[in-house]
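Let me begin by presenting the structure, written as structure tokens, before commenting on it.
Chain IDs A, B and C follow the sequence of writing; residue 1 opens each chain.
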Amino acid sequence: MDAIRTEGLTKHYKVGFWRPRPYVALDNLNLSVGQGEVFGFLGPNGAGKTTTLKLLMQLIYPTSGYAEILGKPVGDVAVKQRIGYLPENPYFYDNLTAEELLIYFARMFGCSASEGRARASRLLDEVGIGAERRFQLRKFSKGMVQRVGIAQALINEPELVFLDEPMSGLDPLGRREVRELILRLRDRGCTVFFSSHVLSDAEALCSRVAIVAKGRLAASGSLDELTAVGSRGWELVVSGLTPDVLKRLMPRLTRATPLGDGRYSLELPPSTAPEPLIAELCGARVVSLNPLRGTLEDVFVEQVKATGSGARLMEKVAS
Amino acid sequence: MGTKPVRKHSPLLWVYLVVLLATGTTMQVVLEGRLQRPAAKPGVHWIQSPGLMRRLTVGFNAIWADIYWIRAVQYYGDTKLSLDEKKEYDQLYPLLDITTSLDPYFNIAYRFGSILLSEGYPNGPGNTDQAIALLKKGIREQPNKWQYYHDAGFVEYWWRQDAHAAAKWFLEAASKPNAPNWLEPLAASVLAEHGERDASRALWSTLKETAEHDWIRKAAERGLMQLDAEAHIEILEPYVQKFFDKYGRFPKGWQEMTGGPERWLRNLPRDPAGYIYQLDPVTGSITVAKDSPLFPLRRRIRG
Amino acid sequence: MRAIAIIAGGVFRDSIRDRIGYGLVFFSIMLMASSFLLAQLTAGQDVKIIKDLGLAAASAIGLFIAIFFGIGLVTKEVERRSIYSLLSKPVTRTQFVLGKYLGLVMTLLINLSVMAAAFYGVLLYLDFTTLDGAKVAWEAPALDPRMLKAFALIGVELMLITATAIFFSTFSSPFLSVAMTFAVYIIGHFGEDLKNLNAIVKSVVLPYITKGVYYVMPNLTALDVKSAVVHGLPVSGSSMLLATASCLVYITTLLVGSILIFSRRDLK
């Protein structure tokens, strides 16, 4: 059983008051996420990531299509016992303290007050909220609210967690901590579905990703699959390179970066074979030669460009 | 070389504040003395229509009725005490009308309102039509309240001197549930002409006994004193007539009656409130003094 | 059911921590206490004005809380998006609406009880300090237990207004919701005028329309027994029950409507 499965999931909005035109937020999304995966849901701003999450949480209703969580249609109350959700830019109840919020949510899962308190305490420790847990949420900074948000998503020890931009508002230390938390969740067997537009996080964490742009699925698969498409050239590190040799070689290079100590990092485009170049080094010595693999960023930019420009534009629905 | 601590505001600002406040207050006081006090009229900004008022205050009619009642009482008092040449009570009935439209069960507004409306000028508008109209309104809302019928009869009898109409009201009052048993005898004695003053006395006395409010009780006491004054005047008049018969003119003052060889009167005649009666040297008529609290006596039925 | 109770408890806790709510109740108590001053002006009608003012204050403050807090119940959660995380928990939208409603009703009834206690406190003082001779003039005793009937019906009215506020707030903006809820309150109190408009306005079509409106809308004048209890007039238990039952039907209708509308709504 897949943790998450969507079939033809589509959402149109009507925009404009006098002559409402349909606006495609999501178009025919087919996705499946297996249990135990850390799945990255990537895309530029406005691509439909948050729309997808809201459809999965049944905060909004699809125009057409179908989605399933843990084998049951979305919105199933029994399934909600087993999942957690962190919304984008979360906001909770200002006059509650962090502790009170978590206990409030814990009780909805059937925990007693004391068990709720215990879980809240544990989770607040895990997300790095110390004595501030007794303060009202109105006093919390954005980063602290984000941490509380993560804590409330985990209050019921879920099998499947949905995180919408989990790193948002966090400083580098915080991001590192969240990354480690996600890995810990994975090790516990939890499925993690997170959306982001920060690719380095996805690269570090995900087993599989999907890239959406302009409401459509542009690419999906494991990281290896996606980045293996074509070699992107070579990196040749040399030492003892004289300036006039460098000048002669420049036309065939993408880039030459001095590394100090007379060393250079030369980037060769895919079209240039490295062997003949090495032969023309005239005394400079080869330190290393490595093929350049595509980064996720490259894949991303390419795919997004392929579906049109990254900015959202109004679009008529193809009838 | 120390540094001065940074102060938030110069202390001079406080001085300015105090001076300004004092100046403002002084100017107020000066202006108070110079400005003329406005007349004690309720002003046209009060809404005049009972129906509109009732709709505007939906859900909160009772409290607005109270406000209008306070307003009516204040208006009456201010007008009565004002130093105007001609006192105008024209807003009294509209205010009472609104009060009773907002709260149709506002007992005291009907009863005391009718007393205020009937009160003779200059102590009141002396408008018995309005007084009876107000009571009739109360009767429409609570047809079984004998007190309203009784009050209407009172106005007819005391102010309009219409004994027959009064008796009809008293009899109708007597037919209402819980009516006291003195209403029928009262109606009877009202109709018996020789019993006129006795009937009045009985009316005022029972009102005094059963009055629910201090103010009504005081009004009743005053009425009784006025009756005594009337009786007193009736006793004095023959003596004045005797003087006329002897001297061919009316006395110039009471001294001529208390002094002189005949000594018709022993002391200067005073009304029950203690004020000396007024004797008109031209017509010979005797009335209570203008500054007596019993002024004015109603027009008397002779006989 | 448990979810409803938890959400209701949350609303109640919110209201306790809300300074505005406190201020309003405090203000109404101050108003009642200060009615003593006004009583001096009424030519012997002191008990009446104190009672009138107390009942009016309780009703007005309750109304204010019911409308403004009632509308905020749903709209604040949706606008600020705290509802996103809430609905990801095992809570349905139905339970959400009902929990919010019951929470505010609970708050209102407790506020009303506090105001009733203060009310009787003020009257106790009046009773204590007034001479027996003056009490003869009172149409009803100061500590008249029948006034609780007025409080009870004010409570029912507030429950209805709260349901109305929630209903409008599920589909329209806060400003419009406030305006429409007020309109329901005012129309509900016009009562007789609507039914008999043809006596006032010279029109053929309009009286039919308003008569229809009169029968569809709740008749709030049936719940307004303030004047009757102050004057010591009888208020029959059966009429109270009937008015309450009819209001309960309206409340249920409004809540069902709210749930239907809210369940189908996209929460942007």
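Methods note: a contact is a pair of C-beta atoms (placed from the backbone, for glycine too) under 8 Å apart; a residue touches a chain by one contact, two chains touch by 3 or more.
Predicted, not measured: the structure shown is a model, and the values here were computed from it.
Undergrad: Please report the smallest number of touch steps linking chain A to chain B.
TA: Graph distance in the chain contact network comes out at 2.
Undergrad: Indicate, using Cα centroids, the chain positioned nearest the centre of all protein chains shown.
TA: Chain nearest the overall C-alpha centroid, as shown: C.
Undergrad: Sort the other chains by how far their Cα centres are from that of chain A and give me the top one.
TA: The most remote chain is B.
Undergrad: On a C-alpha centroid basis, what's the spacing between chain A and chain B, in Å?
TA: It comes to 88 Å between the two C-alpha centres.
Undergrad: For chain B and chain C, what's the span in angstrom between their mean Cα positions?
TA: Whole-Å distance between the two chain centres: 42.
Undergrad: Using mean C-alpha positions as chain centres, tell me how far chain A is from chain C in Å, no decimals.
TA: 50
Undergrad: Please set out, as single numbers or ranges, the residues of chain C touching at least two other chains.
TA: Not one residue in chain C touches at least two other chains.
Undergrad: Which part of chain A faces chain C closely enough to touch in the complex?
TA: Those residues of chain A that touch chain C are 54, 57-61, 77-78, 80-81, 83-87, 89-93, 95-96, 104-105, 107-110, 149, 152-153, 156, 162.
Undergrad: In the complex, go through chain C and note every residue touching chain A.
TA: 2-3, 6, 10, 13-14, 17-18, 80-85, 87-92, 264, 266-268
Undergrad: Show me the residue ranges of chain C that touch chain B in the complex, using the header's touch definition.
TA: Against chain B, the touching part of chain C is residues 38, 41-45, 48-49, 52-53, 55-56, 59-60, 136-137, 139, 185-186, 189-190, 193, 220, 224, 226-227, 230-231, 233.
Undergrad: Which positions of chain B touch chain C when the two form their complex?
TA: 55, 58-63, 65-66, 69-70, 73-74, 103, 105, 107-108, 112, 212-215
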